[in-house]
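Naming follows writing order (A, B, C, D and E), and every chain is counted from residue 1.
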Amino acid sequence: MEFDAAKYLQDSQFIIAELLLCFFAFIILIVSAILPKEARRSIAWLSLFGTTCVVPSVAWIAWQLKGDAARPVFFGDVAVDGLAFFFKLIFLVGALLTILISIRYMDIERAQAGEYYALIMIATASMMFMATALSLLMIFIALETMALSIYILVGFLKENRKSNEAALKYFVLGGFSTAIFLYGSSLVYGATGSIQLSEIAVRAVPGAPGVEIAVLGLILITVALGFKVAAVPFHMYIPDAYEGAPTAITAFISTASKAAAFVVALRVLLAGFPGLHEYWAPLVALMAAASMTLGNVAAILQDNMKRMLAYSSIAHAGYTLMGVLVAGMPGATGQFGLKAVAVYMMVYTFMNIGAFAMVIMLRRENLVGDQVADFSGLARRSPLAAFAMLLFLLSLAGIPPLAGFMGKWYLFGAAIKGHYAWLAVLAVVNSAISLYYYLRVVVCMYLREPLTDEPYNTSPALTAALAIAAGMTLLIGIMPERFLRLASFSYTLMMAAAPG
Amino acid sequence: MEASAIVFYTLASMAVVSAVMVVTRRSAVHAALFLVLTFFCVAGIYIVLSAEFLAAVQVLVYAGGVMVLYLFVIMLVPLQARPLKPPVRHVAGSLLLAGLLAASLISYFWNATPSATAREMGYPPAGGGNIEAVGMELYRRYLLPFEIASVTLLVAMIGAVVLARKKV
Amino acid sequence: MFQGLLSLICYVPLAGALLILFFPKDSKKGIAYFATAVAAIDFAISLPLFLQWDTSLAGFDQRTFERFDWIPSIGAQYVFGLDGISVLFVMLTTLLGLISVLSSWSAITERVKEYYIFLLVLQTGMLGVFMSLDFFLFYVFWEVMLVPMYFLIGIWGGANKLYAAIKFFLYTLFGSVLMLLGILAVYFYYGAQTGVYTFDYTQLVTLGADPEFFELSKWIFWAFFIGFAIKVPMFPFHTWLPDAHTEAPTAGSVILAGVLLKMGTYGFVRFNLPMLPEASRLYAPYMLALAVVGIIYGALVAMVQRDWKKLVAYSSVSHLGFCMLGVFALNVNGLNGGILQMINHGLSTGALFLIVGIVYERRHTRMISEYGGLSKQMPVFAAIFMIITMSSIGLPALNGFIGEFTILAGAFQIPSTVALSFMGWSVGGKFWAVCGVSGIVLGAAYMLWLYQRTMFGGLDNPENLKMTDCNTREVIYLVPLVACCFWIGLYPKPFFRILEKPVARLVEQVGGGRTGYAHLAAPGPAPAPANDPRAVE
Amino acid sequence: MAGLLWLIPVLPALGFVVNGLLGTRLSKKAVSVVACGVVLASFVLSALAVGQLAGMDQGARYMENRLAAWIPAVDAGGSSPGLTLDWLFVLDPLSAVMILIVTGVGLLIHIYSIGYMWEETGYWRYFAYLNLFMAMMLTLVLGGSFAVMFVGWEGVGLCSYLLIGYFYWKTDCADAGRKAFITNRIGDLAFVVGTLALFAAFGTLEFRPILASVAVGQGSTFLLTAVALCLFGGACGKSAQIPLYVWLPDAMAGPTPVSALIHAATMVTAGVYMVCRLSPLFLAAPAALAVVAIVGAATALFAATIGLAQNDIKKVLAYSTVSQLGYMFLAAGVGAFSAAIFHLTTHAFFKALLFLGSGAVIHALHHEQDMLKMGGLKGRLPVTYKVFLCGWLAICGIVPFAGFFSKDEILWRAFVWSPAIWAVAAVTAVLTAFYMTRLMGLTFWSPSRMDHHAEEHLHEVGPSMKWPLVALAVLSVVGGFLSVPSALGGDLMPFTMERWLEPVFEPATYAALLHGEVGGAEAAAAEAPQAPHAEHGAALEYGLMALALVLAALTMRFGYGFYKDGLDRAAAVRRRFSAAYDLLKNKYWVDEIYDAAVIQSFYRLCRAALTFDVRVVDGAVHLVRNLTVGSSYLSVFWDTWVVDGMVNLTGRSIRRASGLLRRLQTGLTQSYASAMVFGLFVLICVYMYVS
Amino acid sequence: MIPASHIMIFSMILFTVGMLGVLTRRNAIIVLMGIELMLNSANINFIAFSRQLGDMAGQIFGIFTIVVAAGEVAVGLAIIIALFRNKDTINIDEIDIMKG
């Protein structure tokens, strides 16, 4: 294989977003080492600035793609395609909103640090690599970089036992799943002789020699991905990790990180194992069914808001897996499924971060504020915030005309279109169940008297984040066309990109 | 049986035995030492499989770096303060679960087409020594992952610093 | 001439709600007056629809049509349009909307601002349901109104409001998500057949003539059925209704009974019959059986209620059973009567809830045993209540009779082949009608007993001595309803004229003929509807 | 004139509107003027209309006034007859008789009411209701289709309800009103079923087309019998026949003029009117007609026996009314429709008279209705006594009072039909004579049993009450000559009701309507069932007439002797036959039996339905919810038993499981890992199963 | 020569043993060691297949695995230290304040 430095540099333009993120992360690390403790807040704004700078570069890739079909770069390791582009946007949005809601929160937690923002940005960069990865190696290394960053972020509140505990649990189980992923990858490598998804796709077809081993590898990889997307029964760490992590990070991992996991799942299953759809489809269907049911059922009894949202995120992962399942089908059906996942991840990012932002708003100096009961009387004390939360909750429940409904519409539509009627029925029944616990929060907000009169924790950044999340939740619900067009980019998934 | 085979089986059985010791020794220090032994055995197997560079990395990184880290932490944390006895039943359950999994995997391997599993080992990749080959691949074909790996290590570094130091 | 009028009607309440946001919280009166003005304007601008309606149209009136692309990606459009059936419901909604706002002036004293906002948003949602001709849009409106209704019950409701509100929301949501699946199935089937992915009702409805659609349509029928039947509510999906009605504030009950329930029956008429004609015919015996059970069962349970509102709520179950009986008679009389009865029920049951509201406001109890002898204290109230009672039990010359009688005439035309067979026994044909007729006896029984227990007898409870008769405002909002009851009872011709052509076409679509079961005689696709240049097909 | 028929019912309705809306602001005088004025106008109008009708040829006496479409004809692609209803008013000889009775007797009772109700609260309300009743009753009789008739049919029911419950603050009044309405509704149920069955069969609800079709033999006998029975069911409700008669005696709780007008003269005869109106239909269903006759006879006898033992003066009259209505149905059942209508007419006169007379007594005694507390009024209330005497003679059937002619006509026709029925009718006549004589005796002849207070305030009726009484008394005396039987020379009279009504009851009349289509009036007439004409066996008829007369006279004489001196003899008899007396006194316990058998079981059914609703239907919903929430606990179970149980395997985990039942997750990292391994294992198994 | 299946079974045994360590040991550090064992077993596979296929990718993968494993150990041990500071234990059984 010839190495052409010029081409290498030329290819680098497609990872400029990742590079920029890493660059700003380094700058932040350096600056935070220099700056006095009191001035650390300004680092947050720096990171915000940096992340914002990245947005045009991602848009630039989209512009690049316009006249050109999707293409693989870096020896076929990195994809430049619509799927990657769209998910990169999601990660960026997730990161931006996370930084916005972090600033005041980290003050309250007394954990303001440059490393925090740097890690968020590095994690974002790794997610972007995940979204573009076309080989098992790239997936592995990017996944691990992201995972390591997140372990640290989850445990960032060192003085907080819950944070420690969450970090350890997340880490141990994450390591466990990494090992499983790696073992699976090695089997796939052995059976197909390649770590490039495109080549695996060619060789991992029913009847090919050694395909059983490839399937075993696939199952192991599926387990690891199931862990990352929080699918039952690999979900167990989710409630604890979500509860213990700093709330802003919970928002981040429940949206951006989950989206990254889904995009990897799409890449692996669609680009790597399209030929084995008949084998992995039942597994994914099973996981989807189990996740949505268990997630919703378990959420009913939760009193802790973060835990409830954690279980709800398990349920949402279940819904989204329906999309993954259908995405593996040929033709227009598959495209529909793919778009469903993309749309859902987009809307989920806004509404879920919005919901967590509300939890942050309730975090006061001497009040943890993550119980459902803490929402009592919100409507009376802050009607706008309550209304925003109402939007998020109803959107999560899939009530039109909010963004969540568009997402659900696509997912249910995918299930129907893919002839998974039983799954669709289960999903709609589940989404009715989910309303039950979302309404508990609504009841608290609108029908109960406030518990304390301690002022809410608000800051311009948090307000902005809430406004953006609420606005988008509403906008995507009412005027979804533009966003759907954007999501249509994800059609151009490189199904079997040859190494370039 | 060839010499390499004899070496392989010997090292493999040693590795398995010491791995079992790792997970059964009560003392963390003992466990760490057996872990080193396992790593050495695995490194030997790498050599048998003509991956000399990897064997070196294995020894350097694991036996050198990782082990020291482990031992540091073990010393830092007064482990013996409390007896850490795994409950027998728990172990039995885990054994059962692992056994089930292993059985399913083994049955898998038996059932799988021979071509994938029973193939004889081939020859080392052509072109110079192993180190050179690895180097060429790593710094040309796999340059991007390599760069990312540097970020990975940076993250690990930040993590170690942030989490292990006392105050923010 | 109606260009843009529908959107205007639909969004005036929403705009009003947004404006109310800017009112200071304490100006309770100002908010109430403003909301009333908004509702009145809405009613006023919807009047031309009814007054200038072209009764010669069988399809949708192109003058009312509004069509824009909304979400081209999925083929969802913003389509508003009315035909003779929906225009009546729009009128009912704007009228009851105005009345319910009027009825809230003194009933609501807490969180006034939010209250009127929710009430007005609710109205937008309901109007949207009746106006939209795009399935997607329809579903959006269908769900949108759940939320304000939930709050109306949950915040301003009675003692058990939370339970009732959640039950209402969950129950109806459960139905509507299943309906969503049905919608999706129709959408994808049509897309696969024609290559055009659209939610446009006027296109999707042509599936009714597609013989291959039958197998799938059987499933879709049940998906729609659950969605609509819960809303109607048909036995045995009715249990949310007594709770919701009982706990809701007066205006909420009025809207709930008057309009919300009609959305279910409207759904059957609008979607199930023309789009799934064969399935509708196939399952008609089951629908008829449930309708008849609902009629009798609702009445029986109403008989022994101790709670005034609950009694009225159960009477709704019974009355809506009549509507369903008419609709699934699948003939001209049945459908005419069924649709008219929906309007009638909206008027008379709406009025009944207002009546309960008037006494509730004075005494804060709904227990029938607390009242008695009110006639003496409140003669005007007693007279209006009597008229509405008579309307509700179907006294001739009042609206209830016209509806019920037409329904029963239709039900008597159901051929004997429309029957349920069980172990060699076959029940059907006129049996449904005869069972339905028994409802009018039972209706008289519980309504008169209610009237007697509350209005007659001695004024034994000293609390009741303090009761005052209806004030002017109360009379003002009750009188239009009473007038409408007489109007429909004595001269329903305008309504029948509006319904005539659409219903005739509906019967044709569903399988036509005198009995609605022409397929039994001569199988074959329904003939293409006549070309009417002004009607949008 | 035909074009103004609608005014006949609308005028009283106008009175209702005026009095109803403005009643509180008008003086009592104004209210009376309005109320009586509209009825008078209506009466005049009716008279004019009937006069015009009489001027027509005998076979062509028919006027119709199609006012407007009610439920318009709807286009249904040409193939389907939608329900079409017009506001159609029809005047023919039958409705002519009825409107004259209704407006005439109604006018008298309105005038009577002025005096009777003057002191009551809600005077205007009373007259408003009464006017509304007139409107509805006139709609009923003028209605040319089932639907219009049904408007009146239900409307009079409503007015009856309102007027019975006029003293709504008295529980028994309110109860009685509701009982009346609901019992009527049960009849209406049958009525509506019959009506709609006719609609389903013939596609229309107008009388003439339906009767014409029936007259030419369309419609299966089964259908017609079923329909006729259903319609008769409706008549049973309205006209208080077995088994639905129970409401009428209770209805006496209303003001007495109301009882006279609604529950004696007019409304309760609506059933008889309806059966007669549909005579061709009933003639085409002989079985149904036989049922009518038998039910009528049974009711007549049954009610008469109950009347023997009642002490409430109005109750006696009420049972008498039920009995007389039975007579009318008996007449209709044996095919003597004109006799039925004739008896209806005379009954309207004398029963209204009797009720108003009893009203005068009650008024005089300050609302005392118990005859045991009356007596000796003969001298104290001379006018009342005299008019009462007329009524008594009329109802007992003494020559030449009204009752004699109508009753004998019925007895004779019954005998022709079946001597057994005649026997029942004759016994009834004897019983009627006895209980009426008992009433007279207890009220007027026997020594006074009034308390001191009542006696002091005793007063004779005022003019507004007196003159209506006198007018009715006159009518009771001479009313019989409206239809003198042929045997007594009726053919020589210029007018007999039988001749007047003949075309209405002749199926051929209707068959002729269709002759264009069916071909030839003769053919039609030949096909049509014939109205039975009794053969005149003159000697037998005279014999029966004399027998009935003698029996009645003897009974009256006996009764006079029995009661003239007080209650001692009656008490002796009562002691002797106490069981029978109790049975009659308690009206055979029918109310109680109904209550136990029907009403209580109905309520049980209702309560069962409620329980079912709460427990089963709603319970199912709750069950689903509980299952969901429960399975939320169950997932603890899954985690602790399956996941942890895999790890811990034994009893310890079982003990822990119960402790952990409320916990979703163990919180232990390693059980999470176990779950993952387990999941992996499951996935592999699934794959193996799939492949 | 050694059959590939033998190496696979060997690696699988190592994997299982490592997994057992993760599942059974209460000492968080030893749990970490278990994970290391599992990672190593995967590596053995990669090397073996690399040799068998005559393809360098496997070896490269192996190198990256070692790098990542090293990073994980660093982070993992840091987490354990932080936890120990707060809770005075590294017994993984006692780390269960969040559950349910």
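We take it that contacts are C-beta pairs under 8 Å (C-beta built on N, C-alpha and C of every residue); 3 or more make two chains touch, one makes a residue touch a chain.
Everything numeric here is computed off the predicted structure, so don't read it as measured data.
Novice: So which chains count as neighbours of both subunit C and subunit D?
Specialist: Intersection of subunit C and subunit D contact lists gives A.
Novice: Name the chain with the Cα centroid closest to the overall protein Cα centroid.
Specialist: Closest chain centre to the overall C-alpha centroid: C.
Novice: Where the centre means the average of the CA atoms, what chain is farthest from subunit D?
Specialist: Comparing chain centres, B lies farthest from subunit D.
Novice: I'd like the Å distance between the centres of subunit B and subunit D, where a centre is the mean of that chain's Cα atoms.
Specialist: 99
Novice: Between subunit B and subunit C, what is the gap in Å from one C-alpha centre to the other?
Specialist: 70
Novice: CA centre of subunit B versus CA centre of subunit E: separation in Å?
Specialist: Roughly 7 Å, centre to centre.
Novice: For subunit A and subunit B, what's the span in angstrom between their mean Cα positions?
Specialist: 31
Novice: Going through subunit B residue by residue, note those that touch at least 2 other chains and give them in order.
Specialist: Only 90, 94, 97-98, 101, 105, 108-109, 116-117, 141-142, 145, 149, 152, 155-156, 159, 162-163 qualify.
Novice: Tell me, which residues of subunit E touch at least two other chains?
Specialist: Answer for subunit E, listing residues that touch two or more other chains: 4, 8, 18-19, 22-24, 31-32, 43, 48, 52-53, 55, 57, 60, 64, 68, 71-72, 75, 78-80, 82, 85, 92, 95-100.
Novice: Two or more other chains touching the same residue: where does that happen in subunit A?
Specialist: In subunit A, the residues touching two or more other chains are 137, 141, 144, 148, 151-152, 155, 158, 167-169, 172, 176, 180, 190, 216, 239-240, 436.
Novice: What chain-chain pairs meet the touch criterion?
Specialist: A-B, A-C, A-D, A-E, B-D, B-E, C-D, D-E
Novice: Enumerate the contact residues on subunit D facing subunit B in the complex.
Specialist: So the residues of subunit D touching subunit B come out as 645-650, 652, 670, 674, 677-678, 680-681, 684-685, 688.
Novice: Help me check something: in the complex, which residues belonging to subunit A touch subunit E?
Specialist: Per the stated touch rule, the residues are 136-137, 140-141, 144, 148, 151-152, 155, 158-162, 164-169, 171-172, 175-176, 178-180, 182-183, 185-187, 189-190, 193-195, 239-240, 243-244, 307.
Novice: Which residues, counting only subunit B, touch subunit A once they are in their complex?
Specialist: Per the stated touch rule, the residues are 105, 108-109, 111-113, 115-117, 140-145, 148-149, 151-152, 154-156, 158-159, 161-163, 168.
Novice: Residues of subunit D touching subunit E in their complex?
Specialist: 647, 662-670, 673-674, 677
Novice: Which part of subunit E faces subunit A closely enough to touch in the complex?
Specialist: Its residues touching subunit A are 4, 8, 11, 15, 18-19, 22, 28, 31-32, 35, 38-39, 41-43, 45-46, 48-49, 52-53, 55, 57-58, 60-61, 64-65, 68, 71-72, 75-76, 78-80, 82-83, 85-87, 92, 95-100.
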